[in-house]
Each structure stands twice: as C-alpha cells, then as structure tokens.
C-alpha cells in the first residue's frame, strides 16, 4: 500500500461526454490523489481514452466538471494545463528523425516564456528524465531509430520534463513486449511511490493493473462500474458481467496480488470418446502392442491387455494409458496366476487383437490360451504369421497362429486395416 | 503496421533514415552557401545585353561607393559615354533590383512553403495551397479586364495582386475560425475558395482575349518591372513576415507531433496556426504582387533545406528563406542564360529545375531505410 | 515529476509583439527611402529644349526638340517613319519574343530588305518589353503601340526617364493623324504634306467609288476577309477593326459585320450560309493558301468555285500605317470592283 495520500490532483465530477447522439461518458466522478496510481480499465469502447482526453481538454465536455489542482480545466490556458497534466499517448509515430534529446525537450514548452529558447536548466531536466527512463546513452540518436519500447520510454521522459504533478497514460504498454511492459510500469510505479506523483493510466491488462495500481476504476459503456483497491474490485463476477469472460480469481502466492485466470470459452479440443466400445483385449509384448493400444484407445475402445512382463514397453504403455493389464515378473515365464487372470480378461473380452509380438517360451502361453476362444469371440491377427524373426519357439508360435486362423481368426495386415475393421458394429461380439 | 515489439524504427518521413552523415551535410550546406554567394555576385553580369563582366563590377562598385570608385566604369571597353551610362542604368536600375527582388520573393516563397508544410504536416504543401494564387490572379485580372487604375499601372498592378492575395488569406482565416480552425477546415475552405475564385476568373477572361493574354503572361511569373522602390516595399513586407514567422518556430516543431500532442504540451494550436498563416499569407502576397505566380520555389526549397540541416524548424525556416532566394535567382539566371535574346517568364524555369529535382528527392526517400512513404 | 503544484504562467516577453512589428516597419520605411534617395540614378540634366506633345492615349509627353535616335516598337509606326523619310533616325525596332521570332516575326522579308533592318536593332516589345535591349539602343525617344503593356510604358518613362509616345490609331483617319503627329515631332515639312495629301486622296477615291455604285444601284459584294483558318472555321475581322473598316471603305459588305467579338472565328457552316461573293485571305508570317484550303467547306464555297479568291499581304490588312491606305486600298478596290476602278 502506498504511503499516506496527498491532495487531490485530478478530479472529475459528474462528467458527461457526448459525440453527436452517442453518450460516450455518463456521470463519471473519480479522483486521483498525489501518491496514487489509478488504473482505468474497461472493455474496448467503454470510454477510458475518452475520459483521459476529456481531462486533457482535447474534447468538449457536455456536462460536469474536470478539475486539476482544484481549478476547472476550462479556465486554464493550454500552457497552464500542460503544467498540471502530462500525457503519454498510446503510441506516437514521429514524422521526423529528430534527436531524442530534442524530442524530450519539447516537453519544456509549457515552462518557457514565449519566444524563448531552452536554457541550461531545461537541458538538465531532460538529461535527468532520460536517465530515469534508462535512455541516456541514446540521447543523441534519432528518434526513429529506437524500438517501440524505447520510444514509449522517450514519451515518458518527455512527460517527466513537463514537471507536472499528474501523469495521464493511455494504454502505455499496448504495443510493448512483456519485458518492456514490466519495465515501463515499474518505472511509473516508482514515480508514484518515490516522488509522490499522481498517475491515471488506462490499461487493458487487468492483471498488470492489479499488480501495479493502487486503485482500479472500471468503466463499462461509458458508466462507472466500480472504483477501489484491486482486491476489492476484481472478482469473477466483474469479469463476467463487464467483459463477458469466465475467469478464476487467484492470488499470487508471493505478493498477495489478485490475478485472474481466464477460462477459455467453449472447448478447444473435441472430447475424446472414452470407453465406448469393448472391452477389447490386446495380446502383445515387446513394443508390438503399444501402437495398437494407443490407437485403439484414441478410437474410443475400452481396452485390456495381457499378459505382459513388467518393464516391457507394452506394459509401460498400458500403464501410461491407464489400461488394465495382466502383469508378470520380468523375464519369467508366465505363471499360473498370470495365465488365470489373462483367461478371465479374455472371457470378458468382446474382441481379441493379437499384435505381431515376438513370441518366446516365456510368453507362448499368451498365444496358446487363444484357440479356446476362437469361434466365441472375434479374433484379429495383426501382421503376418510369426516367422523366423519373431518366432523363438521353434515353430510352435507359428503353428498356434495357423490354428487360430483356421479356426476363423481374421488376419489384418496393418493397424489401419484393423481400425477400419473394428469400426464396423459387427466387429465385436455382442 | 507500426514498429512494434522489438522491431527497429520504421516509417521515415522527412530526412528519412538520418539525413546524410553530419560531415557530409556540413559539406553540402557550405557548398550551397558558397554557391549562393557566388551566384549573387555573378548574376549582375547576366542579361539580355552582353556587358563585359569587369565593367559590370566596375559599375557596381562605382554606384555603391557613391561615385568615388571607378569614376569611368567603362574605360577599356571603348564604348561611348552615352552607351556607358545606358549600361550603368541597365546594371544598376534594371538588373540589380531584379536580383534583389528574386532573393526577396524567393525567400518569401521558401518561408511560406516551409510554414505551410509544417502547419499541414504535408510535404507537398506549397505557398499557394490555400488559394492565394487564385486571389492574386483575380486581382491582376480585374486590373487588366476593367482597365482600372491604368494610369498608375506601375503601382496598381502590384497593389491589386497583393490585395487579391491577402484578402483571400484573410477570408480563409475568418471562415476557418467560424468553422473551428482545425487543419481540415482550413484546407477545405482554401480549396473551396480557390475553386470559386478560379470560376470568377474564367468568367472575367472569357470574352476578353487581350486581358486573357496579359493574365496568362502574368501567371507565369517574372522579375520584370523590378525597381528599387518595389524592392524596398517587398523587402520590408517580407522582413516583417519573416521575423514574425521566426518567432513561432518552436511551435511549428511542436505542431509536427500532431494537434493533440501539441495541445497536451501546452500549444494553443489554433491560435498559433492562425498567426502562422497570417504571416505566411503576407509573405506569399508580397511575392505574388511583384513577381506573379512562381511555382516550385516554395515547394522544393524546404525539402532541400531538410536534407541539409535536418527537420528542425528552427533551422528549416531561415534555411528555406536563404535557399528559396538562391533558387529563384538561379532559375532567373538560367532563364536569361539559356535564352539571352528572349525575356522568358521565370516560372517556366523554376518548373524545369524544380520538377526533376523534386522527383529526385522523392526517389531518395523511397529508397531510404525502412522505405514506405507516409 | 515535482511534488509542488506548478508555477504560474511565465512572464510575457518584455517587449510586446506589436512594438516589434512597428519597429520593423519603421526600419523598412527608412530603408526604402534611403535606398531610393541614395541609390536611384539621378536623371541626366534635362536635354536642351523639349517640346510637349499629346499622344493617341491623351498623354502629354515632353519630347526632345529634335530626336535623332528613335526606338520604334511597332511595324506600323516604322512604316510611317520610313514613308516620312525618317529611316535614318530609327535605331531600334521591335522583334517579337527574341530567340523564338526575331525580326521575321514582326516584319516581312520585303520590309526587312526595303527598310534595311538588322537584328542588331532588335528590342523585344512583346510579350514582355526588354528594358535592357531598349536601354542598350540609347534612344532619346520611344514610339510604341498599345501592344506594349501599360506598366512597361510607365516603367520606361518614370524609372528610366525616356519619353514614350503611344501611337495607336483606331480608324483609318487616325492613321493620318499619327502621320501629322510624327511630322510635327520630327519637323518634317513638305514630304509630310505630300504624304498626307496622297493619303487623303486615296480615301476620297475609295469613297467615290462607293458613291458611284450606290448611284447605279449596284449591289455591294459580300466579302470574307480572313487572316487564319483551322479545322473549326475561319478567323475574320469583326466590327471595330481595321479590316472591317477597309471592307466598308471599299464598298463591300463583310460577312463578319454582325459579329460581336473583334476577331471572331466563323465556323464552316456559318461561312457556307453567308456564302461570300469573294474571299480575300491574308498571306505572310507563316500563313498561306494551303491553310485555308484545308479549312471546312472551302471547296464548297461559291467564291472558290468562281475563282474569286485572292491573297493579300497581311501587313496591308493589319498594320495601321500609310501603306495600308496607299497600297492596300487600291488593291482591294482592284479585286472587288475591277470595272469601277478600270
């Protein structure tokens, strides 16, 4: 929290601004005091920029009053007003490549007597301002040679040399990257806390506003919706009602500043079809079953697998995908328990998919359990019969495979073909 | 889109990229300055009648010293005393005032062009943007067609042209004040008034071929009829206008930032614009009164100056006065040198020199780093 | 940024703007006066003896008692001077637009040869008077027509102190008046008288032809007098011009008599309808028969079919000088009333 607040620097009372028929601002009353950073927020078109421009006298006011230092701005000459209020516009594209130093010195106009040139005091102020914004080493560069972020800082420096007690900023970080955003707002914050300045800044980013401002003023369609400390103003209700956005209000654990986490409207990814059809039991091992498991799960099948040795790739994939599988100790031949559990899963399955896995004595039982189910449950044999490169059982695996086929198991050459086949309603047992 | 996140600055306007390096600019500025002085010194030797250069200088020194130096300026040329005094008249009463008028009118047009380019933030603005040329021409046409004040034609023509011009300027300022005084209202009022005046002019000239011919010739602009008293009046008027314009150079700089930013920095934009336009109109009207409508001087001079000294109006304004004067003088010298036996209107030559030069300036800007024109 | 409210308006400049303006104007006024006083050339002491003369515009001018170096800036005046035997006094003649015209733009080849004109005598008179060339000729008198602008005349007489007489006759009778004026200025005695008498005789003769014709009841021939033609029509002489006066004098009717403009262009159909009995076209300065042959309806005009088409030296129709009367009128009479003249 900022230290004790000073006098009112800027006050709008029942301000009305109209553009032809359209009421841009209705009955706005706010105050900005010395030592306060007030963030002006609201959706596009809510009147933030209009309010700032009305305060500056750039647009006529239909009703109400704007006062700076206790005096109505309408009574002030442009020069006087410039000495009370400094403005940093949203962006400024310079037409000429003037030196940065000269550009900043423009801010001294309001303090110079007519027809007088700048003096040493003015130049000192410009140097100080450039140092404050960290651009003193670019003082002699042309203003067009700076990056967007640097140019915003030059505008800030120019506002500083105006020596005005109140600073008006219009979306100062709109075109800045995150680093420059934080840098600029940090410097402005310092002005407020260390030098007792008053700042009224139109900001589009609520989180930044909550982070850097003492008070947040919310406008919606030209009306004042709320005005208070960020913690008091920011709420999920506010975001929904004023911006039409769903959000979660969180608190930054380090600083205690509130921040809003928007929930994206609608679903961005189509929901995965879960647990639609099945169970389909996949027999595999050694990585041959993994692609089948992934694909079939993505296609929405409820899967089981077995029996797989722990540490086997397929076992890990199944674990990852949350698929129930029968596990066996690594490298051990399938024990009684494993085979029993596998049998149970097979009994419940409505289809069986046999992956082209490497068969050895340790897992031959997986294949040998299957012929009992041929004829009751559709069996799909992915890939060709086991041949020398995956049959390590001396031909028994191949024999079983052929037996399965003779008993009605359907060979499918590729995974795609399997998916197509399984897509048909008749692919699974009733 | 504008330069944004992390990109280097784009969107050059004047002096795109930096103007040539400071060293090169200084060299160019000196070259222009020395060239200008040389031109002024050598111009009296140019003319329809061939007078030896040495004699020309002798005549000048003779006159400037009140007759003290060079008691017989034509000695060595073998011409009769009568012809010598004719030559003295030619150099002193015909050429020298024309040279000074060229410098004065050129300065007026240069400053006026720079001012209007600043007010309207448009590099294509020239002194006649608001229709002062149409006003001046109408004034002259009234004289030619209605034979008003023919007996004092010497005084009447400049007077009528000046009145036509300055009244147009005042009319625009008044009308714009009623309509708000913004840049747009000034421009539109000027355009409307210019069309109206041109229409009236056309009607006047339609059945008056002699008047039409005279107006055509006047329109092309020229330095004929320059006399010492005209030079004095023109110089006085242009000096007043120039000093007054100079007082607002800082404001001109600030106006370049845009009306809103200028206002926020404390500039009473409308009041400043009015003053600037008033004195710029005075300068233009002075030039129009004594030299007719000479184009390109006011348009090109500020651009030349910007390339030499940068976009700061504290330098561009006085620079445009100097460059404008030298430019017009150079064009006049070209007119004489190219066709010595004919007195051609100088406006033709400002176009001949100005148009290609202007295209060259545009070409340079297109290829400046960051390239897109505004 | 400061903590304190800003200071009040900085003080206004010590010297108000108005004072600055007035000061500058005063300085300028003084400069102008000083310049004029110091720098302007004093006119050379008045020549011994001047005579006051009134010119055609009513200006009273003090001319030298016996001018010996005359700049004549109009071909018609040159003609008058030569006819009065004053050729040796002419030191400068007009040349239109210098490099683009020269002598031949204003004078025909025969004029140049007869009058012995050289380009070193050139002074550009139109479109803009060349002061330098005029001064370089060191004249003591300048004779101009109204082709030279008023302001140029002012300048020559006021700034350069040269006497300028404007001779611009508006009628045929005015030509005689100008001859008499020149005679007066140059003290031409007998030759002037005989010239004037000859001029008056010719005018009278032309008038008598007309009287005879009307006594006989002969219809006056209609004539188109044209000096130029283009694809739109024929350029003729309207009322108030010398061309028109000549036609009237020689007892013919100009088809352009009813026009409003002094130099109107009549369209092809208009001329076809008017169907002049005879056509006289001006020749010279780049204009010849071919130009008229290419004009609309030329071959359909009955005058063309009847071979009543004649060319005349343009100077006889445009230059208001003695030659117009002495040669132009007889020629016209011969073409239009061959029987009456005989």
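Chains: A, B and C, in written order; residue numbering restarts at 1 for each.
As a working rule, a residue touches a chain if its C-beta (ideal position, glycine included) is under 8 Å from a C-beta of that chain, and two chains touch if they have at least 3 such contacts.
Predicted model, so just to flag it, every value in this text is computed and none were measured.
Centrality annotation: B (chain centre taken as mean Cα position, compared with the mean over all protein Cα atoms). Seen from the Cα centre of subunit B, the chain whose own Cα centre is farthest off is A.
The mean-CA centres of subunit A and subunit C are about 89 angstrom from one another, to the nearest whole unit. Averaged C-alpha coordinates put the centre of subunit B at 35 Å from the centre of subunit C.
Between the Cα centres of subunit A and subunit B there is a gap of 60 Å. For subunit A, residues that reach two or more other chains under the stated contact definition are 77, 79-80, 83, 112, 114-115. Annotation for subunit B: residues touching 2 or more other chains are 247. Not a single residue position of subunit C touches two or more of the other chains.
Residues of subunit C touching subunit B in their complex: 17, 20-21, 24-25, 28-29, 31-33, 35-36, 38-41, 44, 97-100, 102, 122, 124, 127-133, 135-136, 138, 149-155, 158-160, 261, 263.
Note for the complex: subunit B touches subunit A at residues 2-19, 121, 247, 250, 253-254, 256-258, 260-261, 263-269, 310-312, 370, 374.
By the touch rule above, subunit B contacts subunit C in their complex via residues 47-49, 63, 66, 82-83, 85-90, 92-95, 150, 152-154, 157, 207, 209, 213-214, 217, 222, 224-225, 227-229, 231-233, 235-237, 239-240, 243-244, 247, 339-343, 345.
Contact residues of subunit A toward subunit B in the complex are 53, 56-58, 77-83, 85-87, 89, 91-98, 102, 106-107, 109-110, 112, 114-115, 117, 142-149, 151, 158, 162, 175-177, 180.
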